[in-house]
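One chain, subunit A, appears in both complexes that follow, with subunit B as partner in the first and subunit C in the second.
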Partner chain A sequence: MSEVNKSLVAFLTFLAAILLMFTLQSEYFLTVSNFLQAFKHLSITAIAALGLCFVVAVGKADMSFHFFSCFAAMAMSYFISIGYGPVFSVLASLLLIASLGLLNGILVGRFGLPDMVTTIGTGTAVFGLAYLFSGGRYIYRNFIDSGIMQLNDGKLFGTIPIPVVVMVALYFLSWLLLHKSKYGRNFYAVGNKPLAARFSGIKVARYLAIAFVISALFASIANMVQVSAQGKGEIRAGVTLLMPAWAAVFVGISIFKKPTVYGTFIGAFMISIMQNGFTLLSVPFYYMDFVVALSLIGSIILANFDVITTWINKKRRG
Partner chain B sequence: MQHLSLKMSNITKKFPGVLALDNADFELAKGEVHALLGINGAGKSTLIKVLAGINSIDSGQIWVDGVETVIDGTRRSKELGIATVYQAPEMIPSFSGYENVFLGVESSKRGLFPFINRKALRKKANEVLEEFPIDIDLDKPISDLAPIEREGVAILRALVLENISILILDEPTSILSHREAETLFEMIAAMKGRGVSIIYITHNLEEVFIVSDRFTVFRNGRNVGTYESDRSNYSHNDVAELMLGDKMTSIYPDKSETIGDPLFSIRELSHGTDFQNVSIKFHEREIVGVFGLVGSGIDELCKTMFGDLRPDAGQITVKGKDVALKSCADAINEGIFLVPGDRHAEGYISDESVAFNVTLSKLPGISKFGFVNRKTEKNATLKLIDKLKIAPGDPYGNISKLSGGNQQKAVMAKGFYTESDIYIFQEPTVGVDVGAKALIYRAIRDLSETCATMVISSDCEEVYGIADRIVVIFEGKVVLNAKTSEVSLDDALVHGLAGGHDNV
Partner chain C sequence: MRINLFKRDNVLVWALLVLVLFFSFISPDFRRLDNLFEILRSCSLIALMILGVTWLVASGEIDVSFPNIAAFASIVTAYCIKIGIPWGATVVIAPISAIPLGLLSAFLINTFRFPALIATIAVASVATSLASMVNGGQPLYLAHSSDVVEYFVYGKIGGLVPVLFLLVLALFFFAKWIQDNTTVGQHLYALGENRKASLEAGINEKRIILSIFVLSALLAGISGVLLAASFSSGQPRIGGSFFIDGLTAVFLGSLMVKFGKPNVMGSLIGAIIIATLSNGITILGIPFYVGTITKGLLMAFCVGITMLNRKNKAPQLPT
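Right after this comes the complex of A and B.
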């Protein structure tokens, strides 16, 4: 069995154990309506994590996407409040946020600034700018009547929630782009060895910029869904995306040894399922964060099966 | 033979799908320099990684100084006094030379607080450096150092170890020029004088007779014989045949008789203090060999011709058309391709497949409507694997797990796949065995039928052997440009080392 397979099996066993535990603890856990609910929740983490996956693939870190998503959601709510329709509001905000993502990409890719510090800086600044829309107050005006809430409540063919549809669509497109198209190769090449990528004729700065734009866009889409669910424009809604998105990407890396679209999905799935299960068991949120984080570390250790076994072997021999 | 410093017996090491060491034996006498030879993938690096504690073995026994030992980690290896300079030394480019020297020592300390005395280490490093024939500024970050200086840091890292009894050097000269290699040999002699036993891996057969007392040949993970390094008993050819287990034909192809159309030229090209007013013309059926020492400006010249550096003055002309290259991507679009000299940093993408790497510079060749066609990719890669005899020949194998020489072949394959019109090969045969060298020279000769080809090497003999026209660059200026048949090898060397003044 290859390393990846071993990790995957160990990981799936772990996931099955969690599912079993929740099923035994709550009779509501294994029901269709709960799963639809869980999938809706999953889609938010999963979409944000997917964007981040591109940045990690090009070998950089994005610490700004959650803040950017706050700006995008507030911009959207603002456009709605002054009377624009939902479609225009969404697209206009995405356009704004894409240009901010491009700014990240230019600073890091073209000018070679350090990614962590730069994105913490741009993220904080953009979060500050987001206050301009309402001075930090909720934006209610027109929100419920505008139809924007369909982004969360709507259903395709009357059954599949729109957030799930958006998630599936974005994952499918990203999978095509990163794993099936020739462009995907370039993302990985840039992330692995920028110098070798440049000598292979790849425009390194361009790929870095594209990755940061995608990260900003996807996080913003995720947060727009989140805000529509809440029925008002709230500035802090996107802030909580940071930890689960990074965790999802990293769970994926620990299974497949590199950032992948499918790995990121599995990571996001695991985190959401745990959050959902603990909510059903009415575990207080602060315990929940604690347990989710612990389980996460546990899963990463399990997924790194080879590391553990060589370590044990060494102990035994020494 | 005197007392044995090291004895390895029946060592077996399996990697998934590869038997890298197959019941291998090896003996190292005290105070000898022992060359370890074998074609690419024979198991040389694997054997020394066993000694360094990086590779665990599946079976076999090891004695160090007559005592049976288990080497279960790099720390244990260092405790035994084994110092290793790897084929591709891991360094942190942004750290200074000193810090990279210390890295190896820090990782070998035991205890909860593995503090080391940095001051003492610095002193020790300086002491060792003093004996070095080259001067390295250890306060500079690694990324600013030349290849020879980096190699120096790697060697320093091994030498600051206390109580060295065995020193292992895995292809240390592959990126060094003649003169630099000589200084390395002096160091080896000094170490040997101190009673250190040395294992020396190389693909340069001449070095075997210069530095070693005995040599051992590996084939297919097995020791096929140990011999005295005695020129009167073995010629280069004999050694090559021992390695290949087969007859050896001439390594360089015949020179070209005629010259074809001009394809590429540089006129009065200058870049800062690196090189000035360099003009060279390239034709079909004429391999141009460029020789120059590290620091002579040839590296920058290559990068300028490939669009990575912008010239201050001068003109690059492709098939009669003047071009201004702004990036490597531009150069590739104009049909120019550079196979870079530093394969680890510039050549291949690690932990990706051979196919990924081979096709990376011409992805449209394997894709339709932007999507990669696995079958086209596989077939294209297999063709080149076959042509250059890359082993193991799995197109989807991880390139990082190939032996050093096979990685170099894959980097060459990547160049060939682009089917460019103008090729610049920088150090095309670094780390490649004699058999594969002949193969690569043949392939370059075939290319030159329809392409402009240029071979840049710090190995003057290689340049002389392959090229129809030889250009020597000294301190950024062309000091010799002549048909190879009209100059002698010594002549070319003298120009490269001293710009043509004979007081070398």
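Right after this comes the complex of A and C.
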């Protein structure tokens, strides 16, 4: 068995064990309505993680996407509160956030600033800017009448929730871009060896910029869904996206040895299904944080399995 | 040693002076002597938390878990008091309880080659959720306070100079001595300059990383105890402003003394600048998010200056 297959089998066994445990513990777990609910929840984590996947693919770290998503959601709520329609509000705030994401991309890509620190800085600044819309208060006005809540409540053909449709569409497009096109190979080339990529004629700075824009955009879409589910513009809603998104991407890497669209989905699925199961068992939220953190740690340990073996061997020798 | 204030290395001291003069000029409340000393007191906690972080960033790692570890220690403090452990033992137990979290970060980085950012994000989350488990996610109020600990937090010598700041100042001078006069200090910066070369030179990278992470967690733990004393409660989710304040101070600090490299004295001045900024903004009645925006931009700006300067020194390939 190849390395990838081994870790895939290990992972699927783990997933099956989790599913079995939840099925035994809660009779509601294995029902259609719960799964539709779980998929709706999954779509938020999964979309945010997908954007991050692009940044990790070009070998950088984004510590700002959750802050950017707060800005986008507040901008959207603000546009709605002053009377614009849902479509305009969503598109306008996505445009705003794309330009802010481009700023990240330019700082890191063109000027070569260190990715983590710069994005922590820009992210904090943008989070501060998000307060400008309402001074940090909830935005209720027009929210329920405007139809924005269809973003979460709406159903395609009367069955499939809109968030799931958005997720599937974004994953399909990203899969085409990252795994089925020459641009996708360029993303990985930039991530593996920027210098070699530059000498092969790839415009490195441009790919870095695009990755950061995609990350900001996708996180914003995820948070818009989240906010429209809550029924009010809340500034801190997006802050919680950071951990699960990173965890999902790294679970994906631990299976497929590189950031991939399908790996990210599997990672998001695992984390989301655990969160759903624990919610059904009415475990307090902070235990879920604990589990998400442990699965992040566990997946990276798995990803470096060769390192573990050398470590164990060393222990044996010593 | 002759101190030349007009060197570029001391630009931050001038920035601080300009900032203080500016706020003093427009606000009579700001320029009162007790307010100026209050700024020094409020910067002490941040300064305490970022001492270890400064060295971690200097050696090419990063630590984002320090506010969460401090929050964890604060709730451990409250819990120890609740179950009847005397203060004298608590001030030892709580910082020590934070050390395993630092060990975990170092272990993940050293053994499994985790990127420091990811490892400390995970550890931060572990710390927060452990802290929440202690009291169901709620703040835990201190059953009774201790005069000695209160004196460390609020005490003022001569009614003016904060005790806490003097202690932190002494700690920073000691740290400066370690940083500049011992081999450990030299190895630290060697790691940051060129990891591979310093390994070839026989520097024990893992031991240094491990000890700084333990130091960082220990100091975060101590500030957690002080936090608990100053809020009269242990809070599982303090994090927020300490995170950006601390990191901004470290990167501001890298603009002085050793240009482009984080260092302890720079971090101290950075922490004072951040505290001055927060204090001035509060006193002038400016909305707090203006401070958030400013700090974020300041941080990106410092990193930008450092990197562009480094590029000018060592010619690189055109992008």
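The rule is short, and it goes like this: the second predicted complex is superposed on the first by the 293 of 318 C-alpha atoms of A that agree within 3 Å, B and C clash if a C-alpha of one lies under 4 Å from a C-alpha of the other, contacts with A are read in each partner's own complex, and residues count from 1 in each chain.
The definition used in the following text is that a contact is a pair of C-beta atoms (placed from the backbone, for glycine too) under 8 Å apart; a residue touches a chain by one contact, two chains touch by 3 or more.
Given the structure is predicted, the values throughout are model-derived calculations rather than measurements.
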{"item": "Joint occupancy of subunit A by subunit B and subunit C, clash or fit", "value": "clash"}
{"item": "First, second, both or neither for A:243, with subunit B first and subunit C second", "value": "second"}
{"item": "Touched partner set for A:11, first subunit B, second subunit C, both or neither", "value": "neither"}
{"item": "First, second, both or neither for A:195, with subunit B first and subunit C second", "value": "both"}
{"item": "First (subunit B), second (subunit C), both or neither touched by A:290", "value": "second"}
{"item": "Between subunit B and subunit C, more extensive residue contact with subunit A", "value": "C"}
{"item": "Which superposed partner A:54 touches (first subunit B, second subunit C, both, neither)", "value": "neither"}
{"item": "Which superposed partner A:218 touches (first subunit B, second subunit C, both, neither)", "value": "neither"}
{"item": "First, second, both or neither for A:182, with subunit B first and subunit C second", "value": "first"}
{"item": "Single subunit B stretch clashing with subunit C - from 61-69, 97-105, 223-231 or 331-339", "value": "97-105"}
{"item": "Those residues of subunit A which subunit B touches in one complex and subunit C touches in the other", "value": "195, 198"}
{"item": "Of subunit C, residues touching subunit A in the complex", "value": "62, 108, 111-115, 117-119, 121-123, 125-126, 128-130, 132-133, 136-137, 236, 244, 247-248, 251, 287, 289-301, 303-304, 307-308, 311, 317, 319"}
{"item": "Residues of subunit A defined as touching subunit C within the complex", "value": "61, 63, 107, 110-114, 116-118, 120-129, 131-132, 135-136, 195, 198, 204-205, 242-243, 246, 250, 284-287, 289-290, 292-294, 296-297, 300-301, 304, 307-308, 311"}
{"item": "Subunit B residues within the subunit A interface of the complex", "value": "16, 56, 70, 72-73, 306, 308, 327-329, 331-332, 338, 340, 345-352, 356, 360-361, 363-364, 366-367, 370-372, 414"}
{"item": "Residues of subunit A touching subunit B in the complex", "value": "2, 176, 180-183, 185-186, 188-189, 192-193, 195-203, 257-258, 313-314, 317-318"}
